[in-house]
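For clarity, chains are labelled A, B, C, D, E and F in written order, and residue numbers in each chain start from 1.
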Amino acid sequence: MAQTPTLQEVLDVVEDLWPAALAEPWDAVGPVVGRRDSAVGTIHFAVDPVSEVVEEACAAGADLLITHHPLLLRGVTTVEAGTFKGEVVHRLIESGCALLTAHTNGDSAVGGVNDVLSEILGLQDAEPLHPAAEGLAEEGLGRIGTLPRGTTLGEFAATVFGILPAVAGGVRVAGDRDGFVQRVALCGGAGDSLLSAAREAEADVYITADLRHHPASEAREAVRGRRPYLIDVSHFASEWLWLPAAAQTLDRALADRGYDVEIAVSGINTDPWDFFVVGGP
Amino acid sequence: MAQTPTLQEVLDVVEDLWPAALAEPWDAVGPVVGRRDSAVGTIHFAVDPVSEVVEEACAAGADLLITHHPLLLRGVTTVEAGTFKGEVVHRLIESGCALLTAHTNGDSAVGGVNDVLSEILGLQDAEPLHPAAEGLAEEGLGRIGTLPRGTTLGEFAATVFGILPAVAGGVRVAGDRDGFVQRVALCGGAGDSLLSAAREAEADVYITADLRHHPASEAREAVRGRRPYLIDVSHFASEWLWLPAAAQTLDRALADRGYDVEIAVSGINTDPWDFFVVGGP
Amino acid sequence: MAQTPTLQEVLDVVEDLWPAALAEPWDAVGPVVGRRDSAVGTIHFAVDPVSEVVEEACAAGADLLITHHPLLLRGVTTVEAGTFKGEVVHRLIESGCALLTAHTNGDSAVGGVNDVLSEILGLQDAEPLHPAAEGLAEEGLGRIGTLPRGTTLGEFAATVFGILPAVAGGVRVAGDRDGFVQRVALCGGAGDSLLSAAREAEADVYITADLRHHPASEAREAVRGRRPYLIDVSHFASEWLWLPAAAQTLDRALADRGYDVEIAVSGINTDPWDFFVVGGP
Amino acid sequence: MAQTPTLQEVLDVVEDLWPAALAEPWDAVGPVVGRRDSAVGTIHFAVDPVSEVVEEACAAGADLLITHHPLLLRGVTTVEAGTFKGEVVHRLIESGCALLTAHTNGDSAVGGVNDVLSEILGLQDAEPLHPAAEGLAEEGLGRIGTLPRGTTLGEFAATVFGILPAVAGGVRVAGDRDGFVQRVALCGGAGDSLLSAAREAEADVYITADLRHHPASEAREAVRGRRPYLIDVSHFASEWLWLPAAAQTLDRALADRGYDVEIAVSGINTDPWDFFVVGGP
Amino acid sequence: MAQTPTLQEVLDVVEDLWPAALAEPWDAVGPVVGRRDSAVGTIHFAVDPVSEVVEEACAAGADLLITHHPLLLRGVTTVEAGTFKGEVVHRLIESGCALLTAHTNGDSAVGGVNDVLSEILGLQDAEPLHPAAEGLAEEGLGRIGTLPRGTTLGEFAATVFGILPAVAGGVRVAGDRDGFVQRVALCGGAGDSLLSAAREAEADVYITADLRHHPASEAREAVRGRRPYLIDVSHFASEWLWLPAAAQTLDRALADRGYDVEIAVSGINTDPWDFFVVGGP
Amino acid sequence: MAQTPTLQEVLDVVEDLWPAALAEPWDAVGPVVGRRDSAVGTIHFAVDPVSEVVEEACAAGADLLITHHPLLLRGVTTVEAGTFKGEVVHRLIESGCALLTAHTNGDSAVGGVNDVLSEILGLQDAEPLHPAAEGLAEEGLGRIGTLPRGTTLGEFAATVFGILPAVAGGVRVAGDRDGFVQRVALCGGAGDSLLSAAREAEADVYITADLRHHPASEAREAVRGRRPYLIDVSHFASEWLWLPAAAQTLDRALADRGYDVEIAVSGINTDPWDFFVVGGP
């Protein structure tokens, strides 16, 4: 008969799926709040450990909140509740809800953020844009692969828009609307550090988030109107896509070990933007 | 009778209007290409020294291109034309067109980017968000001021959208559409470094560009749904507004010294984004 | 009628007594755990926020634990309970007990650690060994003053031993047992950074803690057997002396504002040493 | 017939015994004072190159003083006799006595400080706590090994006290006096950098010197009252034990090469502490 | 029939002769000015990209100037013509003359500066003083080899003087005029970083340029009047010797690929010194 | 009746003449070897503390050697006699001869190296090129002044050559032999750091030593053949000129305090170059 695992037992399964060794050196992944011997009957997945999400998880009686983004990426010397991060720590501990981060390890792993994006878009022969220093050949940041059939940039951008969860604002595109695209590079979340990797991989188009004026402008000037084109999407939306897949993967892995855990994915939009004003595309 | 000035004579006038001493320590402002004794009969203003803009200026026979953004912010050890920056250097020198940068000095100065934004929005009693280390009390980065009459965030965002030149994508807003706003902070271009200054200045809303997920999310969490709200606009659009004002100011200052120069403002949209896909606001 | 203050109201009083601005730049003082609007009816003072102390405070129902040493001097990216610091955070939040650090601000302030040591030893005309960069002339690290009557080093060391709370190990002395001492320098806690200041202040003897072989040896060689002699005491013991005085001072300051709070001083010895083996002095 | 070696010939033998390549990168080992062609008929061993030791060696007519601690660990730009290090340089050169340092190379080498401590305590299967980056598997900092028969922490601390030369102060112990110990980690001199290595090696007890409040307290909290226990001894005493063994080893190595040298070990206690005051263990 | 190559085609040949990978990490080699698709019918070689040399090349209608020294070793944020480097950039672009640097790659390569010096002096079995980190055993900085017949330092210095192009000032020599020399170390240009390498290689004499008082004095003191002696030559002169050889090598390599290019070597003395005053040797 | 001073008493007088506070932050001035209570009956002055000079001083029975250049500018961790600096330390201590450095304090002070050069050349209204951060207006590095009558660069270079002590090699000059010079900048020793200061001070000619190819070439290019011209002299020769003046000044200052000391100036040429080969000026 299925058992309720401890936090430690869940951590062991998570380490198998999204090994901490795949995280970037500057990252801070793993457990952030919680006791390793506490029982974990329900798990909540979300992108951001913000107040509204924490409130949702605690209200739902979750024992563990797994987020993509770290709460404490830069070290803190206080967790008093006057800061929003301290407030989150207090709320979680008072509710007996643990917090776990799967960030760049969740990006790089097989079945991680980038693999999920790649699969939803139907890329073939996808491989990492920046292979992991240590790890399998399939692991690393970003992905580059090929669409089964080429299309126009305009059509492809509409496809990208269509697969993403709705947020305020849309998908910005740099390039010729009628340009042909088939070779696709992508990086969920902020991927400006891979702009030149996408160019060197001879991508027709590069999908990522949080592109600012100067990196985008310099990347476009570097190719002088040619490829790769750029598609800038919501940071949140590009990473949210991973949550249902991650929940399902974890669910199976726990079941395989004889554990019975209820897993939910947060439906809260934590993109910081609430609405937008636009004249028309 | 009016005379055609040399580049050196134009530089002297520019130094009066937007003194190099107002530039941030990391910035690189002043002349980038050109001979100081060449005659400057026509001046072209633009935000970005990108190929299309340079082409436009050279094709129009401009003797001087003044841009807000530096071509060579980070030092280069080559200007060969295989790099886009080297190509720009070649094109300009071959066409006899000089290049001049007025960047953070143009932001901070009286009558600079932020003052123009502030005036177009009708702010009263505006003062710098981050006063210049050296300089007048009216000089510095960003501005904070008060609308003559309070309004809702939704109305105000529509106003902001309306004053900006059209680019692909719109204006993203974080906050309550019906929330009251009257005290406005702003910073043309990328202003995430002033997010806490806007909060400390007790702004109801902060307008800037290039806000990425994490700074925006953390800024919103820090106030837990309350003010300042955020309005994220196009980096290019927010700075383009300065160009007509700057052109007019320079025109008058040159005329005051008896110089006759033809001044034009580039109409090219150098926002890197060509189109966008959106479902609706 | 006396009222129970909130944590914020206690923080305001603490800031008056031991201002955060007096802390060294590398230090991390102020609130570490707790909600600012929670009621503080009982306060517990201790030197170290270690498990046993936290247990004592929580068991006693304390609402606030004030310690001299910071729990999180170096920033942490996790507070999960598998680390001892995370365990402390969990225990405190689960018990509703806040935590506050008064460290180098508590050393430097008037009435702080060094002043208390100085008074108990009866030093006259005491002043800081290293005056605070900003603050009153009476504030700063360490103290230097004069005994009303000179004595021998041996006698004085016995006096020092006598005033300190009992810990495992005694008081180590470098110098001539019969040497005359009257001018006394001291620094509660680890004070090797002030060894040369004590020499330059022409102290006959310098009392501090945590002196290692090389600093002590070099300091003695520098004076070639002459003064200042050195007295090395327990780090914990030298700082514990401050607790009763600090408790009393805070009690009065709270009462002056009409607050009624119960204050206790921990009796737990957090010197890390449990026993010692010795042949005889 | 046996010959008197030159300093260079002694240096060659020393390099075989305690190779300079075993020294830590920050260390400064090898000859410090002396002429390589001078005859070395008598050698003096000591822990510290302090005035009293140098005086003893010179008075005894030693041609070479070998110390564990470097005189000039941090580079000096003067050796004028007004500084104690300059005074030592003058005294040595005036007396024709060379000075040689065998520091972390003497710690790490086979037969070095840690091996001697390990042997005197009767540890079996001892190996380095932190193996040397380059060198044999038996070389490195610290040692970890097993007592033939387990004992209590109290008994073992008494044993440790008993084997060390007498200094002012005793042996401080953190842990349960009746706790069982058999697996022993040790590091002569200041060994706080190996505290976590001792824990990871699953030592029951770790013996070292110069443990300050915070490292000791944090190390004890990390194991929450369990093992490794800590035994803090005199820095000088822990390293002095090496001297007779080192003298004997060097004596044999010189004799093997047909050299006749008289070797003495300093009896001066250079622990900086002259006496201590204690109420009782 | 022979063809005129493009700049890109010349760059490909240069990369074969003097690979960029041989350059030191701090160096900046490769193309500096020019368009890769421009035709290169005439090439000019020189040591320094100074105004007079650039004037000569442009006046001669050169399409490419290859210099040993980089124009922009430290990155620049402007090339306006008010700086001499900017003036050179303008002059070259206006004349359609490209600029290419072959600096430490030209020193280290087979057939580079040091090999040419070595051959002209008739050294046998020459090998690098400081082998390249990556590359062939024959590649690296400086050379060490043997004269077929030993001679006196005085005679050898006269030979060195005789092979160098005439500049203001002569050849300075440290050492015994009658001392025997046969093993010769050399480094074209400023070679003080190889002074100890020359000593360790047991050279009788080391030839280099730009030796200042302190490095030369310390190098001579280190050997206390013995070898290696030092010969200090003109930086320019020592590197100029490479130009005819480099021109010839490039000419052949281009011809081998079926290209027809006219190659000239600048005769301008760019040693900064115009004349000198001397009493007699 | 006149007395023989101690080293300490000589140090006091030296501090008055050439205060240590005038030394550059990177410099190491003051006593290097010796006992402060030893008698100083004879003092020897020299530029460099090299073996031959030290031998001369010791052979002459000097009690104190004062040199311009520091023996230990970079800190040393050994003074064993196998290094030349260690050999010098041994020789001096064995001979009872102290060593004192007056380096950049001797450059900057009134009556220092630069003032002496300036006076010998007859400059009027001379003032520092780089005024000392703290000190009198007359103190600082380099000097700039005016010749009573202008002359040609060729004539002036001959004058400079004529006043310097004879060394191997002559005086190198960059500029027009017939160019007019009247405003003269100078810096004894290596003065490339003041090249731009000389230009900004509008000197006609700048005299200094140790100019390497690149600084000299760039300085000449920056003025494009115009002034300041450059005169490169021997580092040693330019500083030796100070010795007789310094000896006389110290002699008087000691006599003023009633001390009787014999002072000599070394006649050894410590320019590292022994001879030179030249075809003719």
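In the analysis below, a residue touches a chain if its C-beta (ideal position, glycine included) is under 8 Å from a C-beta of that chain, and two chains touch if they have at least 3 such contacts.
Everything quoted here is computed from the prediction, not taken from an experiment.
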item: Lowest number of touching-chain links that must be crossed from chain C to chain F; value: 2
item: Contacts common to chain A and chain F (chain labels); value: none
item: Minimal step count in the chain contact network, chain B to chain E; value: 1
item: Listed pair (D-F, C-D or A-B) duplicating the B-E contact set, over half by residue number; value: D-F
item: Computed distance of Cα centres, chain E from chain A, in Å; value: 54
item: Euclidean distance of C-alpha centroids - chain E vs chain F, Å; value: 33
item: Geometric centre distance via CA averages, chain C-chain A, whole Å; value: 47
item: Residues of chain A engaged with two or more neighbouring chains; value: none
item: Arrangement of touching chains [line / ring / star / complete / other]; value: ring
item: Cyclic chain order - from chain A, heading first toward chain B; value: A, B, E, F, D, C
item: Touch list for chain B against partner chain E, complex; value: 28, 30-36, 70, 72-82, 86, 89-90, 93-94, 98
item: Chain D contact footprint on chain C (complex, rising order); value: 48, 50-51, 69, 83-84, 154, 157-158, 160-161, 166, 168-177, 189-190, 209-214, 216-222, 224, 230, 232, 234-236, 270-279, 281
